[in-house]
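Across the two complexes that follow, chain A remains constant while its partner is chain B and subsequently chain C.
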Partner chain A sequence: MIRYLAQKLVEAILVCAFVSIATFALIHWTGDLAMSIGGTEASREETERIRRFYGLDRTLIAQYFDWAGRVLRGDFGNSFFSREAVLTMVAHRLPNTIALALASLTLALLIAIPLGVVAAVRRGTWVDRACLGVGVLGQAMPSYWSALLLILVFGVELQLLPISGTESWRSFVLPTAALGWFVMPLLMRLTRAGIIEALASDYIRTARAKGLPRRAVLFKHALRNAILPVVSIAMVQLGFLLGGSIVIESVFALDGIGLLAWSAIQRSDFPVIQAIVLLVAFLFVMLNFLSDTVNGLLDPRIRHG
Partner chain B sequence: MAIEAAVTLRPPRLRWNAGIAIGGGIVVFLLLVAIFADWLAPHDPYAQSLVRRLRPPVWEPRGTWTHPLGTDPFGRDYLSRLIHGTRISIAVGAGAAAIGGLIGAVLGILAGFKGGYFDRVISFVISARLALPSLLIALAVLQVGGSGLAIVIAVLGFTHWDRFAVVLRTATQQVRRQDYVTRARAIGCSDLRIVTREVFPNVAGHFVVVFTFEVAQTIIAAAALSFLGLGIQAPEPSWGLMMAEGRNWMTTNPGLITIAGLALMITVLAVNLLGDGLRDMLTPEGRA
Partner chain C sequence: MIIRQGLFGMLAAASLAFAPAAFPQSRPNVLNWGFVTEIETLDPYGTAKRTAQLVIRHVLEHLAVRDPVSGTAKPALATAWRWIDNTTIEFTLRRGVTFHDGQPFDADDVVYTVDYVKKPENQISFAQADYGFLKQAVKVDQYTVRLVLNVITPSAVDRLSQTLFILPKGAHGRMGAKEFGTKPIGTGPYRVTAFEAGRRVELARFDGYYPADWGKPRFDKIVVITIPDVQTQVAELTRGRIDFMWALQSDQMAQLKRAADVTTVTGGSVAARFLSLDAAGRSGANPMKDKNVRMAIAHAINRDAIAKVLVDPKSEVINAPCNPKQLGCAQDVTKYEYDVAKARALLRASSFPNGFELSISAFTDNGPIAEAVAGDLREIGIKAKLDFRETSAWVKDFFGGRMQASVVNWPSNGIYDVSALVPLFFMGDQGDYTRDPEVIAWFKEAGSIVDRADRERLYRLGFEKIARETYVVPLMTGVTNYAYRGKLDITIPADGSPLLYMAGWK
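And now, the complex of A and B:
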């Protein structure tokens, strides 16, 4: 087990290092930073001054190590615009994004698991088809579109809920619904597939043969086994949600890191963009490592495989 | 990091199914609309008119048949823009999935076929790619490098190859163990020949299935980029852009966002149905 974890940890650290290089390289290779900062009106001399001021005239490798060294000490630099420390800006908004991601994931699981179980138990009937239909529909609806529809119905027509901001928990209801609806289909399909596979296995036949009631077989034996991959994918999805809520946050003007990233991108505020990309990637790697650990602990086949 | 995919190899059992019929039917229809957009569109999709701004669609009291779906905030005919938007969606979806497919297939087959060192390096690259938030990266690149159809396709292609790599890696690992590969090697075929003649034809089914799925994904992603203002630029009739432009008027003219969104949803739904149908047909065990 220790060996398995050590191996996964080294892999995770390497991925983080690689991601930091990729983040850095992407932004420096795709365009001229000094020109992006200066804007189209800046003269040649002004652009050169910006280049020297931000140290953009040094070699890329020198710039990278300089940046990476400071990041390791927790210094992500200051915003090009507000001059505020990037770390403070991100830390200030992260709770909103985490709250949104956790709430959406919880909502998605609360819908996905019962639907998946029902669909699996009633496999091949109209119930199953209806559940799959809901899933297919959910996957085909772009999240910002369902968000706009929710705004139209609950915010504008019925005037039940606020359509923007972060003032109270009520502001989170519509964004949570939009984002939860977006991740629900995948989790439902996984639950359904897991239960179908579990129901066909030997231990279920044994459980049935020794006369356990249907309910006990389904919930104590089948669901417990089927839920493992769902939980591990849910953790990975949480990583995607932290990075993917950018659209939802901008539609609802929810002040999280997604909205911060979007406004930073529009202003070419690169220290902020780099910090957020890196943070989301690190969180993703961490959640993956956690999910690997949980899987390794629960399933000996994985850690020895 | 889990980069395994559930892949089983069986001789393809060709079976017609409802997904292929419905999904395929709609996809063919959309292709025809895209090809004949110039003839089908009642008006010029770029022609602005200040006096004809924000006309309602025909089913509303003030609607007319001159503009069946009304006009947008710039007075352009909505139906014509919707029809021309089909071209953009299909070009982005097919183009980006083709680029992603090329990168992913080369990496996945190389990792699965060579194994060992190649496999470890490529698996690592896939893990790193999955860790990077693709929408954020795409937005940042478009902001620095400029927007436009070609660059949107390229950026989406370079951020959507991971699924191809994961699935084809696993599929290739299984094909590699088959007798016909051992036989080809025994009679002295080169690696390149084995990959092109033996491996690829046997994993092509998986490629097609992932391809349809990625077409749907990149169409949604491209619309998201346009919606956020960094994708395909005005005045192009991109569906995502149409929604973004209509957003400020959505309380009075909800059609501006609902119709383009519906078109997007039907397109994605059709491509996904086709993909699911193809998966059931080409890989009978792949059903989930």
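And now, the complex of A and C:
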């Protein structure tokens, strides 16, 4: 088991390193930080002076190792634009993104699992088709579209809920609904498929033959097994959500990681972009690592495979 | 993003038509100002964002202020000025002015500010070009200061109504730039009472403000709320959470015209939009080097339709790549009327009779314009397509000399003088795809003399040659759209920079 964990840890570190290198290269190929800082009205000489001042005239490799060395010492640097410490900026916004991600995932699971179970139990009936229809609608509808519908109905028409900002828990209701609606279909379909497969298995037939009540067969035996892949995928979805939903955070003016990343990308503020990407990669890897570890504990074939 | 706006437009149009009556305005004397830009700092020298500087103008002031209607520089912290020689201006400073912390303002603060912006170690790297024309400030007496310029800059006073925020020598020196960026102290009509970076700025009226020419501040409070998505801002305006927003697109204006208790107004701008063509071949051998191709492109674009439909009915087609409001912007130069047959004939006569592939790059709201231009060019056989970029990616390649054609929208930092535009695009620097020695020489001379008639003559020579050689295709002037609630008493500025401290509720 220790060997398995060590192997996964090395993989996690390699993924983070690769992601940081790829991001670093992409930022430098697509934008020019010296021009962003100097403004478009800066002359060539001024731009070059800024390039020298910030060490941007050095090779990309030198710049990368300089940045990586400081990160290893816990120094993510300052934003080139606000001059604020990057870690402070990220830490300030992370709670909003975490709150949105957890609320959205919870909402999605609360809808997806009952719908998936009902669809599986009533397989082939109009109930099943209706549940699948809801799933298809959720998958087909881009999150910005559902966000705008929610704004117009609950914000503009009914004026029930705030549509921007993070002033209270009420500000999170509409973004949570928009994001949860987007995440829900996949989880619902997985639940449905898992229950259908479980209901057709031998141990369920045995449980039924033993005369167990229908409810006990469904929830104690079938759902317990069917839920495992749902939990794994939910972990992955949580990783995505913690990465910040740029569109949802932008539409609802929710000051989170996604919005911060978006504004940093627009002006090539690479200390901020790098920190966010590294954080998201780390969270993602950790969630996968957690998922792999749990799977490894539950299924010896995985850890010895 | 464009698709998203369109979808919202359709929804909003249907929705606003049946929208309930807007919230009644139980009005404390507060203005809620919707803002797209994230304001990360209130240090005027720590941000290159012009829009963020609009908020900072409520707190810190310049020596002069531009009259929103006439566009001329009027007294602010300086009550009078005179040219001592071609590179020295003497300013008489206003007496009895205090900073928000009660400290008096005088010549030492002006000298401190100029020294501060000119020192490279202060990392005043943002929009450094704004201060390139300044050399130093010399104190004559407590209320007289001379600004010495690096080069002859006829537009210096106009520039000083847009740049050089006067810092308090004592407080700024003590606090440092970072702390000053969160708790700035100025002489302006409002003082900062709360600041959340990227989200919210709260300003309260400064009761110690001097009697300015435009009057006294009238709001008790101004709250600047950042909402990055314009469509969400539109929705917030109809709900009444914000009272004022600006820089709207024409389709958003159309939506808001249906909303109850919302006023929409279209105002002027100093911006000019043009299609840059790589006539100098900076991006390598390319069809733009062929004059017949450039002329074909100029005749193929229905600029009037694009201006009226995609920008605003008030937008004007231009013949030179500058705004007619700007000094030196000669518009009576060679014109290219919309004539598809002529465009096709010119293309047939060029080295590319069968057309060619062309990417037209654009960023921000230039995207739809570039798309329309590409559509017009496809009509004459040029296989044009839109190359839409994020701002930083566009800036890198455009100023790196790697773009054959690009739609450029230039606000000139609000300066009413073409000297705020030509050095970037026509004088051999990073944005110049023309590289014409004659044009460079004329513009250089025009920027180094003060005689207005001579300057206009030289700029005319330059713009005439740019037009005759079709180095660029001038497109249209910009407009600025505003929307606000209730009975806001505001003078719509001619330059597109709203100064809300001059406004109030009727």
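Keep in mind that, in the parts below, the second predicted complex is superposed on the first by the 298 of 305 C-alpha atoms of A that agree within 3 Å, B and C clash if a C-alpha of one lies under 4 Å from a C-alpha of the other, contacts with A are read in each partner's own complex, and residues count from 1 in each chain.
The working rule: a residue touches a chain if its C-beta (ideal position, glycine included) is under 8 Å from a C-beta of that chain, and two chains touch if they have at least 3 such contacts.
On a predicted model such as this, the values are computed, not experimentally measured, just so you know.
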_Quick check on the chain A-based superposition: chain B and chain C, clash or fit?_
clash
*asked:* In the overlaid three-chain picture, which partner chain does A:238 touch, first (chain B) or second (chain C), both, or neither?
replied: neither
*Considering only the touch criterion stated at the top, classify A:266 as touching first (chain B), second (chain C), both, or neither.*
both
*Between chain B (first) and chain C (second), which, if any, makes contact with A:46: first, second, both or neither?*
second
*In the overlay, answer first, second, both or neither for which of chain B and chain C A:149 touches.*
both
*Identify the partner contact of A:188: answer first if only chain B is touched, second if only chain C is, both if each is, neither if none is.*
neither
*Name the contact category of A:250: first (chain B only), second (chain C only), both, or neither.*
both
*If you stack the two complexes on chain A, which partner ends up touching A:137: first (chain B), second (chain C), both, or neither?*
first
_Under the stated touch criterion, which partner chain does A:177 make contact with: chain B (first), chain C (second), both, or neither?_
neither
*Does chain B (first) or chain C (second) touch A:164, or do both, or does neither?*
second
_Intersection of the chain A residues that touch chain B with those that touch chain C_ = 30-31, 36, 144-145, 148-149, 151-152, 156, 250, 262, 265-266, 268
*Of all residues in chain A, which touch chain B in the complex?*
8, 11-12, 14-16, 18-19, 22-23, 26-27, 30-31, 33, 36, 136-137, 139-145, 148-149, 151-152, 156, 189-190, 192-193, 232, 236, 239-240, 243-244, 246-247, 250, 261-262, 265-266, 268, 273, 276-277, 280-281, 284-285, 288, 291-292, 295
*In the complex of these two chains, what residues of chain B are touching chain A?*
1-2, 124-125, 127-128, 130-133, 135-137, 139-141, 143-146, 216, 220, 223-224, 227-230, 243, 247, 250-251, 254, 257-258, 261, 264-266, 268-269, 272-273, 276, 288
*Considering the complex alone, what residue numbers of chain C touch chain A?*
4, 7-8, 11-12, 15-16, 18-20, 23, 38, 40-41, 46-48, 120, 123, 125-130, 132, 177-178, 181, 197-199, 225-229, 231-233, 235-236, 238-239, 241, 390-393, 395-396, 399-400, 413, 423-424, 429-431
*Parts of chain A lying in touch with chain C, wherever the complex brings them together*: 30-32, 35-44, 46-47, 49-50, 53, 79, 81-84, 89, 144-145, 148-149, 151-152, 155-157, 159, 162-166, 250-253, 255, 259-260, 262-263, 265-268
